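Next, two complexes with chain A in common: one pairs it with chain B, the other with chain C.
The block that comes next holds the complex of A and B.
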């Protein structure tokens, strides 16, 4: 068990650990909902639902940096990427609260998610084209039913493409959990994540040959790790193709018909 | 001359999508090249511009949005833009300006610009005789400048103060290149006036 739960447990009966059964095949994703332009004020925004996990991302920029960065002229000649991830107060199903003090600053988990997003997207944005500017990403996790970071990466990708920020490629992501029975479960939900002995999240830019992030928690042998990563990469490719199709359809819909 | 790809259906591009081989194409906005292939970096329509008789330029033009974010320009000023700003501070060697727009449209976020002593012509005396805090000036961006501000210049007769209020608090009108006259009290004050 990766995570131990303490405290009162008020989830619905069906997701208690002992009675849990995965209803879909091991290889299949949950239903994916994608949407852009959900936030009118932002330069770009994206909304993703992976099953019951819901994430919304907004991108502002390029705009002058809110906090002046140190580091002199060379750093200023390249754009800067900042990210703030917030887990909404109602995002988890149990009533334990991961914040030490509600409403004060960012919790450690949120800061970790923000850093991961920045590190994953920094090589993807063509920041050289935005000197002295800052591109700010704000992500809110509305409901967490497993694979939250996957949904965040997808939402941020949609938001960046929607904001017309120059990217090397669209980024897709997938999570694979290894259950105690040594099965590879694609796109695990919350109970599966907590029961798993290992979790691997992979983010890959679709049209490039390298991954931009691998996140691994748990204990795996080298062959298991390799096959889990390969499976995650395949799943991410399919998700990414759906995202590209969605973006092309949205563009065709929004183009004025006389062009 | 501008034409889309063959056929009547426009070619849409997703970031990372391969558009074509490098060949004779030059790269415009919204694309990048890698290993002699041209890829799109923006979400939009692929457009080929005829630059001169032999070469074509590939651009990806983002689809226009009609939301609040297009009421103002979000892209920062580039070198050569003529911008309008309000003087925020005058020191002995520079005038600091809050740039809020170009002549055509306003910026979504205000930028900081600086007119240095060398970039203001005809002024043998100090900058206080050319600009005062609160004046609206028209200037041209000469460089990206330092991390704090863009560098501006009022080196031409077109550039300089376009609106100012006098010490008495009333708006002033230009009377010649170096002076403005208050509309209420008829007192002249010296400014670097734009034509």
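The block that comes next holds the complex of A and C.
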């Protein structure tokens, strides 16, 4: 299969979609790769692969704010969280992502993703402990093959933990797509996202029975929606548990060198 | 920038814990809504809506546009939200862009998912021409809960939008569109499936519907749902820590209030446009 390796060079997208078949069970995730300390300069960084979706996140801070913007962080009793999401120019096949955006600063989509990340993490961070400081998160989406926001949340979570910033809990996340055949597909890839009639992303702090973000698009009845959220919560908890395990392993590995 | 002092905030929270709000409403009550349709003579449909202190102006312009050969779409909708700089000191520079792109994307996804239009009635030449709806939204004043106000105003504007009659002629594979010159030869758009947003703010441990600016500033979370008359959901965005168990309760409220709100809105638009 040539195009599996090199992308659909001559294949039109539509014929790809017709032949599309999900190769794994509906309720299983793609292979998950986690890594920390990918960026040497940052206080903490995380790298996440969900199948072919790849994200790097870096955390700088707590540090004095670079630009003194509104709100006067210098005198604030609480720290400030900022976030910048950048999609790489080569992150997907679609023609929209080709560089019409160059020189325009942030695209609409990047801006929305940044706002969503800040809002998801604001209640999780103990910002009271970092007065007059700014914690800056930078996220780069290297490759987008669906469920990108989930990967970003996981990477940010890893980066914050790596930077030893005090958190209420690790944040886990999951995406569920509802296919035209009314199947619930966990961790959908790009084709599944495009075909889906509804897409739900849920982020939650792992050690609390609460949710910190829900984002849903697509038409569903209330009952269907609730069951989809339920499924996403369960998946997110599994992902979160493996993230915790990974972080503990990393800590154990790095401990001797610290002493 | 709007700010709430500590004393104000604790007063607000204590009142809400007792089941009442600073402006005298109960927790699940909207502020008075007034709507006026047909305010912009040059637009195909327009409305001006006031929800408490929040005021928005919406204009819909209908055009015939070209589409790519392969696409099957009959309808394109483009939303533009502009937050007037005079409305709020927050609406300057990047902050305003954040607001408008957020509101824009919420409306866009909700309308896309809800499949609002009657595709068969609005058919032109597939793969050649389609209807283009340009929805321009101007926020004149903010008193919190812009999303709900905008979605209601958009629905009102759409339901009074007039579509000109178009005659299609085909000559050897070349299509020609002739638009009826008679201003009375227009059809009303049917948009019964158009959703409206309901926004809750999480204050303390209570959810309050239709938060004012003060409540929005002191809230620790927000929950917005787009719902149509059947109670189907087409968009949800929530942030801030909220309990999973609360959601089913919220959704029943959303279903009930959404239907009531939409019925009342349709009713008042019907009365308003028939009297003019």
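Note that in this section the second predicted complex is superposed on the first by the 228 of 259 C-alpha atoms of A that agree within 3 Å, B and C clash if a C-alpha of one lies under 4 Å from a C-alpha of the other, contacts with A are read in each partner's own complex, and residues count from 1 in each chain.
As a working rule, a residue touches a chain if its C-beta (ideal position, glycine included) is under 8 Å from a C-beta of that chain, and two chains touch if they have at least 3 such contacts.
Because the structure is predicted, anything quoted here is derived from the model rather than measured.
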item	value
Partner chain in contact with A:51 - chain B first, chain C second, else both or neither	neither
First, second, both or neither for A:222, with chain B first and chain C second	second
Touched partner set for A:146, first chain B, second chain C, both or neither	neither
Touched partner set for A:205, first chain B, second chain C, both or neither	both
Partner chain(s) touched by A:214 [first = chain B, second = chain C, both, neither]	second
Which superposed partner A:111 touches (first chain B, second chain C, both, neither)	second
Partner chain(s) touched by A:244 [first = chain B, second = chain C, both, neither]	first
Which of chain B and chain C A:170 touches, first, second, both or neither	first
Contacts of A:79 with chain B and chain C, given as first, second, both or neither	neither
Those residues of chain A which chain B touches in one complex and chain C touches in the other	205, 208
Chain A to chain B touching residues, read off their complex	37, 40-43, 61-64, 68-69, 72-73, 75-77, 126, 130-133, 161-162, 164, 166-170, 205-208, 244, 247-248, 251-252, 254-255, 259
Touching residues (chain side chain B, partner chain A) in the complex	10, 12, 14-18, 30, 32, 39, 41-45, 62-63, 65, 67-69, 74-76, 108-112, 144, 146-148
Residues of chain A that touch chain C when the two form their complex	14, 70-71, 108, 111-112, 115-116, 119-120, 123, 198, 200, 205, 208-222, 225-226, 229, 233
Chain A contact footprint on chain C (complex, rising order)	1, 70, 95, 97-98, 101-102, 104-105, 109-110, 112-115, 220-221, 231-244, 247-248, 251-252, 254-255
